[in-house]
Amino acid sequence: MSVHVRVITPIISTGLVQASDFEGILDPDDTLDFTELDEGPASVESGYDAALAVPDTIAKIRAAEAEGVDAVVIDCMGDPGLVPGRECVKIPVLGPCQMAMSIASTLGHRYSVLSISRATHASFLRRAREYGVADKYASTRSIDIRVANLRAQSDLRRERLLVAAKAAIEEDGADTLIIGCTQMFGAARQLEQDLAAEGLDIPVIDPVPLTVKLAKTFVEIGLSHSKYAFATPARLRAEERPAPPLTAVGSNG
Amino acid sequence: MSVHVRVITPIISTGLVQASDFEGILDPDDTLDFTELDEGPASVESGYDAALAVPDTIAKIRAAEAEGVDAVVIDCMGDPGLVPGRECVKIPVLGPCQMAMSIASTLGHRYSVLSISRATHASFLRRAREYGVADKYASTRSIDIRVANLRAQSDLRRERLLVAAKAAIEEDGADTLIIGCTQMFGAARQLEQDLAAEGLDIPVIDPVPLTVKLAKTFVEIGLSHSKYAFATPARLRAEERPAPPLTAVGSNG
Amino acid sequence: MSVHVRVITPIISTGLVQASDFEGILDPDDTLDFTELDEGPASVESGYDAALAVPDTIAKIRAAEAEGVDAVVIDCMGDPGLVPGRECVKIPVLGPCQMAMSIASTLGHRYSVLSISRATHASFLRRAREYGVADKYASTRSIDIRVANLRAQSDLRRERLLVAAKAAIEEDGADTLIIGCTQMFGAARQLEQDLAAEGLDIPVIDPVPLTVKLAKTFVEIGLSHSKYAFATPARLRAEERPAPPLTAVGSNG
Amino acid sequence: MSVHVRVITPIISTGLVQASDFEGILDPDDTLDFTELDEGPASVESGYDAALAVPDTIAKIRAAEAEGVDAVVIDCMGDPGLVPGRECVKIPVLGPCQMAMSIASTLGHRYSVLSISRATHASFLRRAREYGVADKYASTRSIDIRVANLRAQSDLRRERLLVAAKAAIEEDGADTLIIGCTQMFGAARQLEQDLAAEGLDIPVIDPVPLTVKLAKTFVEIGLSHSKYAFATPARLRAEERPAPPLTAVGSNG
Amino acid sequence: MSVHVRVITPIISTGLVQASDFEGILDPDDTLDFTELDEGPASVESGYDAALAVPDTIAKIRAAEAEGVDAVVIDCMGDPGLVPGRECVKIPVLGPCQMAMSIASTLGHRYSVLSISRATHASFLRRAREYGVADKYASTRSIDIRVANLRAQSDLRRERLLVAAKAAIEEDGADTLIIGCTQMFGAARQLEQDLAAEGLDIPVIDPVPLTVKLAKTFVEIGLSHSKYAFATPARLRAEERPAPPLTAVGSNG
Amino acid sequence: MSVHVRVITPIISTGLVQASDFEGILDPDDTLDFTELDEGPASVESGYDAALAVPDTIAKIRAAEAEGVDAVVIDCMGDPGLVPGRECVKIPVLGPCQMAMSIASTLGHRYSVLSISRATHASFLRRAREYGVADKYASTRSIDIRVANLRAQSDLRRERLLVAAKAAIEEDGADTLIIGCTQMFGAARQLEQDLAAEGLDIPVIDPVPLTVKLAKTFVEIGLSHSKYAFATPARLRAEERPAPPLTAVGSNG
């Protein structure tokens, strides 16, 4: 069974994200394409950025379903558009923050998120609560590097991730880690190795590849979000259905 | 001290909401004005609707601060734009769902929300968790009437609110109730009386008047949300500040 | 609408609390008076002190309702008499600890209490649980100054509050603070400024002025605690009602 | 090792409680005496009643320690005076509600309380939260009989306890039950048998005998409440210690 | 990348489980084999059964790793041996109950388990707490059919699953369902259809196929449980390592 | 009433545990005997060890009931066999970890466990959650000494326990402590004294003597675990009952 998953990167095109970033995650006979936004922010580093990304993210999710795409992954740890996007479609819509936190909860007893800036700490705690996986949430630690600099400052990034990881493990009790930004390509494996070199055998989740894989799994197995929980908005249901006959007007239902 | 509070109704103008709806909530020497959106949905009955309302709601919140308004109330139980709006400004931004749930938690031991449709149940539970007041959340019960019909079907609304209220009290253990839609004007007092007539002495919160009053209180007392928790987005901070001198370029901080 | 709020300071008169302490909280045409106890402790610094304060506090709450006062505020962070007082009357009875914790929960993601002594730490945690707002409770930190010395040692108080506040923020993750004793007049604004001087933009709640304001708001809006949750004690109900006719004697119900 | 436990029944003498009620709980060479209050309510059926009982209950607890009694049990499901009483003494002070809920948590997965009136429901939930054992709390169900009538109406009591118990089991998921009033002598064993007759193998806790036994156990094993958690009130510590020498006056510590 | 996953069915061979039950879950070039126990129970319908299954399940997990198998799935909703098994090996060991609950938490807001007997209810609640996903746990409902009869009584099973599912949805608030026994082959899809026929659009998780897929995903992506959380037992570490040189004897480490 | 309690030490005999270790816990006319396993590990220092101990522990529990023993205590902080053991018998089966955590919850506001190795930390948190007493769980701290060395290295043990205890109190907020291994005889009293010498008035629970005492109390008072919660396994019920008459075969129930 070949599957078509679409990654929606909820920013306007900046050249930062490339199709090649996602190569090799799925099998050769699967289709994994990605799209960016026509309207939205240049990066998502705050709730404000995320909010501006949502309307066009929803549009891209609806378009994906209309085009026959099998599942959608939102390429941002803020999971922007996850709830409204799910309301609008029946195909699986997955957010990397939710999936990473849920899988982290199965791998150990306490997980921490390693994020780009202190400004995001509160939002990760908020999300853990919203997703019902706060029991195993230990902390968020951050490295204080802007998204735009993550690739250029890769040595600094590596160094600070190790410091943040060790603080999370030693001071906050974490035994499992999540990379808290989808733009830190390759950081998870590197950090696992750096920790192992210090005798710390800790899994580090790279959220997007994991979430893309899970999206494929959901499709293969026939699972999607509960439409009973994420009901189709009334105004979209109206569009789907033919208008009621005139004689029905006036009745109350 | 006279205070200027602005109610932002996060829908495009439909004639449904009138300035007169808010008359008399504040004192004569206060200013209470309201605005609707230029772009957004015609009503908020889903997460999808709420998401479409957010960008212009944020713009209206920023405009309010720029105009010297003292505090803003978002006139919708979905609290659309609450988090990103708070990031963008320093003046208090209040959501009626958060304030109603928090005040309900102080009035009794378990509160229920009386909502318009089953589709909203999940979102109220999600919000109670996000706001940290889930310990006293009992349930959401709904009356299954579309927003557009709430005024026309006021008898049906009254009848169904009573049924829903009694179910919340008797089956879910609620002792305090919240009207779960900001468009049910007058419903709270009516329901309190209908319950009292059956011997049930239960406070019913009408969220918007309460929240407007609390906004004024916050202003008078000098309180606002924590900017440490809702940090100003980096891209807005950049706008605020003059560019750094050239000599600083290249340093990493 | 002019409102009559009474502050009940649950200690015997020591000269420490003055009517002038509450000046200016409400509007000129409102009435804000205060009373102390005839019987009780000289200060409330333990659960023992609080317990001794409760009986006369309840009496003062009942007297207030009988005199036509609109709402009562208990002037102590132990909220002594809150539950039994609410059972005895229908007018709003507010405790500054409950209201401060509930409002703090709306302003940020984690709040800490700054208290006078380590002996009170456990009681703040216990209260946060009881009030259903423990999800956002970060910690209590204390300054180790006896109540009787708070005014005389105001420089020490200021210095230690800043140290405690920074520990709460940096080590416990607080983004919102509550002054944990009602006798630290003026401390909240001072601490906010001292924190701002270090770049920490953190709201600090002064519980009594906030609670007095909220009491007025409750009166104006017609809200009070749920009598269904805080039922009138059977022995007081009996007093309220005329004796049943003799023929009813012997029936069981 | 023979132990001296004192039961403090926090009501004035009404003839309702008899020394014989406690016969046979401890061993012949132990001492189990009981005392009622000189000042307080005639029964405890509300938070108001409980509050009025507290000051003399504390006095009786202090007197017990002064007399060399080994441990104290408060004979009321409201646990009145538990926290302040513990602050005042070092000998174990046990409340039957706390002990019954904690032991119930070890016997099954969800426990319910069977109480005298709906007015007490909220207080049991509040207490479960305060004691940190709310995870296994299922519900409170009540039988609507006044304390004064519990002995006279023993058939009605039995019948209604069975109805309440079955509702707790079948509707609320309880597998363990607690008798919610210390004045229902003999009810626990009777209810266990009545449930067994319907095929329901459910332990029913009679709180006072259990708590008296646990008090003895604490004494024998050398356990008491944490004085670090329940610190001796400053004004009582002052009494305990000789005044500091004059030369120390003026130093700040 | 071809992957070798082994399903360990923690019962002795009864002919009930067949290799063909797992056909088609993975790709043709993957290896999915299964093994039963040499010593253990004939079915797992209690904690007792599960306990007896654990020692040989651990042995089979260790053997799998020694043989070069890539990941192991325990084929039982009791997840017997999950914790000790993970301690013993580095390859992923997955339990269908944990994975189904964690994925269910991502698909909706409240999930229920549909189990074979009331005797299992408590253990599902216990497990949800242990796994940190109790926030979204709604209930367990059961169909009262013994494992040995599940295939023979497939019509009864279908009928009762529908009744249980509707009770979970309507009375317990579930929007997502989990089949609570790994021996109900085909039940999930059937139940989804039966619910859809009544207008209820609810995902139903069939735990084993999902868990097998996730095991493959973990292997492909290089994830396994945290060895820092599930540390290798000291007595196995000793086996792994050469004995320390004699000169080290006597030192204390 | 004389009581027969059996301690089951879930390891094979190593000479480490002696009958004399339990002398003096019960009264002279009570019977307190102990047994070790025929098959199992030599010590329990991991989940793996615990799992291997369970089958014979269950057998020993069943044998105890068959022999007329009144109650059983499992002598290991992992509580191995607690759940399946309870399923198999009606007499009380108590685990020292569960009882110590539950009693600790009644003595203070936050408790910590002092354990032998970091490898056990996760399991104590897991157990606190499972037992429903996680609200007051502060932390686990460990001393890094192997079980086999606990007696020989008693000075090191004492020293490290004090360090761990102070860290738990000062950094984790504990006010009550639990010795986290049943092989640290005498450590609790010693540590209480060492803490008292530093002015820290903290109860330290020695789990096994406490649990043995509680087992006796349960017997005297007629309490045991809920058989409704820990239902007898179907295969054991079948053994208890005579086979149904042949005519019943084929009917479905």
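The chains carry the letters A, B, C, D, E and F, assigned in the order they are written, with residues numbered from 1 in each.
Keep this in mind: contacts are C-beta pairs under 8 Å (C-beta built on N, C-alpha and C of every residue); 3 or more make two chains touch, one makes a residue touch a chain.
Given the structure is predicted, the values throughout are model-derived calculations rather than measurements.
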{"item": "Contacts common to chain C and chain F (chain labels)", "value": "A, D"}
{"item": "Chain located farthest away, centre of chain F as origin (C-alpha)", "value": "B"}
{"item": "Label of the chain whose CA centroid is most distant from the centroid of chain D", "value": "A"}
{"item": "Inter-centroid spacing, chain D versus chain C (mean Cα positions, whole Å)", "value": "27"}
{"item": "Rounded Å distance between chain A and chain F, as computed from the means of their C-alpha atoms", "value": "43"}
{"item": "Multi-partner residues of chain F (at least 2 other chains)", "value": "108-110, 122, 126, 129, 132, 135, 175, 229-230"}
{"item": "Touching chain combinations (by label order)", "value": "A-B, A-C, A-E, A-F, B-C, B-D, B-E, C-D, C-F, D-E, D-F, E-F"}
{"item": "Residue numbers on chain C that touch chain A, as the complex places them", "value": "108-110, 135, 173, 175"}
{"item": "Chain D contact footprint on chain C (complex, rising order)", "value": "41-42, 45-52, 54-55, 58, 81, 83-84, 87-88, 117-119, 122-123, 126, 129-130, 132, 146, 153, 156, 229-231, 233-236, 252"}
{"item": "Residues of chain B touching chain C in the complex", "value": "94, 98-99, 102-103, 105-110, 131-136, 169, 175-176, 189, 200-203, 205-206, 209-210, 213-214, 217, 220-230"}
{"item": "Of chain A, residues touching chain C in the complex", "value": "121-122, 125-126, 129"}
